[in-house]
Amino acid sequence: MYRTARRASGGAALLLAATLVLAACGPQSQGGDDSTEESTSEGESESGDLMIVPSVQIDIDGAEVPAAEAGEPVDPAGDGSAECAEGTAIAVAGAFTGPNAALGLNIQYGAQLAVDAFNEANAGCQVELKPFDTEGDPQKATQVAPQIVSDDAVIGLLGPAFSGETAATGDVFNQAGLLSLTASATNPDLTGNGWTNFFRGLANDAVQGPSVAKYMTETLGYTSVCVVADNSDYGIGLAEQITSGLGDAANADCAPEVKTGDKDFSAAVQIISGSEADAVFYSGYYAEAAPFVQGLRDGGVDLPFVSADGVNDPQFVSQAGSSSQGAILSCPCGPAPEDFAATYEDANGQAPGVYSTEGYDLATIMLTGIASGVSDRAGLIDYVKDYSGEGLARQYEWDDTGELTSALIWIYEVE
Amino acid sequence: MSTTTPATPPSLPPAGRTATKDRPHGGVGDRFRLWWDALARPTQWLVGVPFLLFMAAVPLLNIPVLTTQGTDFGGVMAQFGMIALIAIGLNVVVGQAGLLDLGYVGFYAIGAYTVAILTSPDSPWNQTGDGMWLSREWAWLAALPVAVAITAISGLILGSPTLRLRGDYLAIVTLGFGEIVRLLADNLDELTGGGQGLRGVAYPRAGVTEDLPSGVFSAGNASGAVNSGVWWYWVSLVFIVVTLLFVGNLERSRVGRAWVAIREDEDAAEIMGVPTFRFKLWAFIIGASIGGAAGALYAGQVQFVIPTNFNIINSVLFLCAVVLGGQGNKLGVILGAFIVVYVPNFFLGRQTLFGIPIDGDEIASYKYLFFGIALVVLMIFRPQGIIPARQKLLTYGRELYVAARRSAARAAGRAPGRTEAAATTSGKESS
Amino acid sequence: MSTHDPGGIGAGSEHGDEHLAASGRADSEAADHYLPGADVDEPALIDVEEVRPELADPQLVDALVAPDRAVHARMGEPLLQMQGVTVRFGGLVALDDVTFDIRRGEILGLIGPNGAGKTTAFNAMTGVYRPTSGTVMFDGASLGKAKRFSITQRGIARTFQNIRLFNEMTALENVVVGTDARHRTSVPGALFRTSRHRREERDAIDRAMALLEFVGVGGRATEKARNLSYGDQRRLEIARALATEPKLLCLDEPAAGFNPAEKESLMGLIRHIRDDGYTVLLIEHDMRLVRGVTDRIVVLEFGRVIAEGTPDEVTNDPKVIAAYLGVPDAPESEETTDAPA
Amino acid sequence: MPALADALLTSATAGPLVHQSLIDFNIAGLGRNFWGLTVEGLTYGAIYALVAVGYTLVYGVLRLINFAHSEVFMLGMFGQYATLMLLGFSPSGNAYDKGILLTVLYLGIAMLGGMAVAGGAAVGLERVAYRPLRRRNAPSLVFLITAIGMSFVLQEFVHFVLPRLTGGTLGGVNAQQPIRLVQPEVQFSIFGAPVTNVTLVIIGSALVLAVAVDLFVNRSPFGRGIRAVAQDPVTATLMGVSRERVIMLTFLIGGILAGAAALLYTLRVPNGIIYSGGFVLGIKAFSAAVLGGIGNLRGALLGGLLLGVMENYGQVVFGTEWRDVVAFVLLIVVLMFRPTGILGESLGRARA
């Protein structure tokens, strides 16, 4: 008996391991045929064809702004004559591990492209990009921040990535006089702290929210919108801005809350399907938005689906499939130009995600500063303060508080 | 001859229950304990105080391998201080009274949120600022006792219905409680800021200079050897010492004996006149208030609270510190807390270890896997932890222990013949 | 003198052997973990008289062991009354209308064959079970719904058939837990070490050491309970129960697993306890022991009282002989299954 | 500090500072959607019930809360997912459309895969973690801490190690991209509540499995062994029942049902396949087991369905974000007022 028991359980364990490992090898050979031959779903277009396509640029009133006629974006490579001290470095801080790692990595990869291009062109100035992982956790960030500050080689910081950790560590960088150039922290309050070192490389939620809200009511003509918010800092903040921007068009009876990490949205779908709304705005991230929009469509709700930068990620389309078709996604981030996207994909094995272009642009700004002869922290802050130039995503120029002077929002559509 | 002698002929039954194999094995901890116990009180102070000073100086000494690379060492030590405090509190509940509390993070959260709700400008009940009751300078210190009191009350509220449950049920119910606290923090967004958290929590304004306009405890005090992390570490050291004194007083009293009796055999304890429910409740309340104090420290240091920091995974991490170090042993659980906090940070950002190239970040990210394995392996092979508990449960009577030690030493001197005697007893050993 | 004084005049050869064996054991344990010559991790025997000279005075020991001698005054009055006590478990009637008294200052034996309800009666008295009907009166008041710990505080203490000591505590600490039942300091007092707390702690240790000496385990006061010999563990249980200053001491088969010599000494101890003013209830299988030590005996069978009287009366009662003594060797077989070997 | 208390009081009663309703009560919503919510709740309840059986059987036999059972369920999700990949399916945003017959066949195979992995994991868990403790006669607290440790180990295995073994295809920090074989479609309505094909499959399969396991435990010789050990391990051993074998069988049955539940769950929640996806569901299933009476097989089934329904009502009445709180509070309330659950505790006595 004893021996059979052992054999049985040993066998079971083996089976477990075998199934899991085999499964990983299986689809590479079979998956291809399968999707082409057999996966015809609902007679709609296949998800493989769907893409997030930039459509228009809007201002704070929701009005369309003609595409920027501005010239060439600044090239991080410069003229190849930059000289700087050996060991000059810029830091990038954000979540590179943990559940929020995707956003941090997008920024890091974007910035790395700029740094690589710079280093390749400028033999006399090799800049290192030093990543500091905060896991997106404010307490962790308070331990990492002193580390960044005390690293004398670091003359500028790209980050922190999230609003929470930025709030927790802002004082550290401000007192150290270290440039803090964020590519993704969009909480409007951050620039109200009187920090002189903090600049935001994109529109904050106070711009995105009203812009998109006005775009929905004025341009798209919705009269009753269900605003669905997740419980993240970003989701709540944006939902507040959207709701107040929508005014009467925000459907007060239809504002279900969901949680990051939720997988099942039947209750929210039920609330929406029972309402008289004519559109749904989702304030949160793609990980929840994809199953959410799927749940909507499965539940027979065909209302237009609008969301913002947290959802504006290729993953959203690939996970939601045909349910994502027609979704309208805003983003303070600009579209990645095709050649940038190609280089990025070559280097990182994945398409640029949200904030990749910001990471690239902001790193480029710091690199041009270094190329122009800036060699210390104070100098870089001054350089950024007075900077004005074109990036991949937009025109960069900051006001006294550290916000962009002209912050426009891009509208994308899944088609 | 005493008159008691006839009643008590000292006949030992042959079955000597020495039970060597299931007795907690000694090792370094025991040796240290023997040495320590033998010292006189003043000598203990003479040894203890410099050791404490050394511990306080650790973040300043910049010890080569010890100092972390990827994160600020002062910050790591500050976190260690808080987790150590938590471990001491959880140890009262788990180690001493034997109540498995998987929702301990809930008390930590309540402590942190109490301070934040009272002092954060984002909170509707903010008591700081113009025309309010608390000045920014003293707000943290004033909120601290409130936090401790409120967590103590919440321990009472949670404990009074649930402590009548059996041990394993209690574990699950407390787990549920921990989750409920986090979900409340998440859902009551009018009060707690929900997922946005509460910013700008007050901290002690001390050591304000021109360079440091917001004092040494501010997160802004980041450069130099004595940064805010070090200051918070020192504050937690003070908390730890005070807590250890109080918990030690309790341990060497009726209360500590009641706890251990409950842990050993609850029914027997009750029949021996121990009001078990009352003392379990006390254990819960005391554990909770220590957790609350740690939460208040956290809120002050990070100056920002958000529900995700109070995940259930932290409860298990705390438990890991207690189990790893040695349930019931106060110094052991502090060591456990150090391991739990320090080891992942040690690897973070480290590319080489003793010349061998390693991917420290990768290793650090496996921490929960390693801690999980450590829990399982410890439970199977060494359930008593690294430093097993030998609690002293009596306020007086040290002379008895010293006498026993002396006579043991005398007996050890009689080396010849003892093996023979041992053989005869061990041969008759009962199971 | 202390019974464990190795140099004592009265120490016979038996004593000496025991000491050798005992210290040898401590050493062998030490040898398991440490290099030869290193310190020993388990305390060995304590020379109690050296540490606590005052305990050499038996009068003082007795005074400490039995501080409340007033009980002698009302000798013979009922202390505990079982009045028609019935205990049911589901359909099973474990005790059926049981009525008997325990009188002050006596040693009462409660006997009966296996499953007769002895332990159930015992548990009904000590609050482990609540009677389905009937009442248990103690010292003039019903035990009613009193909590188990408060029953102890009212003056009933017990030992356990299968020893239930606090194994990780030392012998001394085990006994001090018993004395705690009479203490009034709680968390605040202990937290700030009030004077009452310090007085109670000091008194507790004095009394506990006296109790350990009284039952003959004084030399092993600092040994963990689990490391004591089986006989010492039984004695320690008695000391712990006495520590709660009971009016009634209930012993649940205290001689289980003892050899005749040990039983003999236990009988002496029980008598001494009674002489100190305690009332004793004894549950025991061994008729010889029961007959030798008790003043009265109550016999249970199938949950009912079938006989009550002096040892001689009971042992000559035909009902009892039929029910209990008629089965030869029953006590012996019982003993072997109970013995922890 | 009375001043502070005053301030707290005034700000609490002052109104504008604190929104009048920290929690909204929406009783009307419950009435409006009552039947729809019931159907939805039963769907979840059926899944809870199947997982709860694992807790209840192990508890009945070993008096042990197998805290890591939630991870067995999680591995079951990965097992059925891996099986689908072996069958040639790849993750896609859209549902495959294979026709009823083939879909049922594929689902059946996937369910077997999930059962095999979960069953194997449960037995392996017993062998690796619990048996050494049983040998050492460890106290229940030690079992529980070990179970928590194993729960961590299994989660982190899928979180970090599995993606390495499978080249990133399985496991990792993010949820698996769903493979959907069934597109939910409304089949008919009961009292105005739409019933989808997914709901039908889940409730139907769960019922069949529940009846099967009930028959197995009550009628088969193996089941008799289980009940015997649950009732009185010593006597059962004396009567020739192998305790170790019964224990293994118990874990196996629990694991198999968790594997089946895993497939049903992913039908309903295709995005739920993630390393952390079992944890909360496990606690809920445990609550279900307690609700029905832990150690009682039919109690687990009843408790599961009840919990699913009540949780669903709760999330409409209090708001969707309170869903988990409803389940946890229910657990605490049950334990406080009727710790033996609705049907009583014993596996043996309550005729399982």
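The first chain written gets the first letter, and so on, giving A, B, C and D; residue counts start at 1 in each chain.
Convention: contacts are C-beta pairs under 8 Å (C-beta built on N, C-alpha and C of every residue); 3 or more make two chains touch, one makes a residue touch a chain.
In this text the structure is predicted, and so the values were computed from the model without any measurement.
Visitor: Show which chains lie in contact with subunit A and also with subunit C.
Guide: Touching subunit A and subunit C alike, sorted by label: B.
Visitor: Where each step is a move between two chains that touch, what is the least number of such steps from subunit A to subunit D?
Guide: The distance in steps between these two chains is 1.
Visitor: Using the stated contact rule, I'd like to know whether B-D or B-C comes out ahead in C-beta pair count.
Guide: B-C
Visitor: So what's the Cα centroid distance for subunit B and subunit D, whole Å?
Guide: Roughly 33 Å separates the two chain centres.
Visitor: Using mean CA coordinates as chain centres, what's the subunit B-subunit C distance in Å?
Guide: Between these chains, centre-to-centre, one finds 37 Å.
Visitor: What's the distance between the Cα centroids of subunit C and subunit D, rounded to whole Å?
Guide: 49
Visitor: Between subunit A and subunit B, tell me the centre distance in angstrom, where each centre is the average of that chain's C-alpha atoms.
Guide: Here the centre of subunit B sits 40 Å away from the centre of subunit A.
Visitor: Tell me, which residues of subunit A touch at least two other chains?
Guide: 231, 259
Visitor: Listing for subunit C: what residues touch at least two other chains?
Guide: none
Visitor: Using the touch definition from the top, which residues of subunit B touch two or more other chains?
Guide: Expected reply: 186-187, 365.
Visitor: For each chain, which other chains does it touch, given as pairs?
Guide: The complete list of chain pairs in contact reads A-B, A-D, B-C, B-D.
Visitor: Please give the residue numbers of subunit B that touch subunit D in the complex, ascending.
Guide: 98, 100, 102, 118, 124-125, 127, 132-134, 142, 146, 161-162, 165, 167-169, 171-173, 175-177, 179-180, 183-184, 186-188, 190-191, 312, 316, 319, 323, 365-366, 368-369, 371-376, 379-380, 383
Visitor: What residues on subunit D touch subunit B, complex-wise?
Guide: Answer in residue numbers: 1, 3-4, 7-8, 11-12, 17-19, 22-23, 64-65, 128-129, 132-133, 136, 138, 140-142, 144-146, 148-153, 155-157, 159-161, 279-280, 283, 286-287, 290, 319, 321-322, 324-325, 328-329, 331-332, 335-336, 339.
Visitor: Any idea which subunit C residues touch subunit B in the complex?
Guide: By the definition above, subunit C touches subunit B via 1-4, 8-10, 14-15, 18, 20-34, 36-37, 39-47, 50-52, 56, 58, 61-62, 126-128, 147-150, 152-153, 157-158, 160, 164-169, 172-173, 176-178, 180-183, 185-187, 189-193, 197-198, 200-202, 205, 209, 213-216, 221-224, 226-233, 235, 240-241, 244, 257-259, 261-262, 264-265, 268-269, 271-272, 340-341.
Visitor: Which subunit D residues qualify as touching subunit A in the complex?
Guide: 29, 32-33, 36-37, 40, 75, 78-79, 81-83, 85-86, 88-90, 92-98, 113, 116-117, 119-121, 123-124, 126-127, 162, 165-167, 169-170, 173-175, 177-178, 183-184, 186, 242, 244-245, 248, 268-272, 274, 276-277, 312, 315-316, 319-321, 323
Visitor: In their complex, what parts of subunit A are in touch with subunit D?
Guide: It is residues 1-2, 5-6, 8-9, 11-13, 15-16, 19-24, 26-27, 30-35, 38-42, 44, 46-47, 98-99, 101-102, 231, 256-259, 261, 263-264, 266-268, 270-271, 274, 287, 290-291, 294, 298-300, 317-324 of subunit A that touch subunit D.
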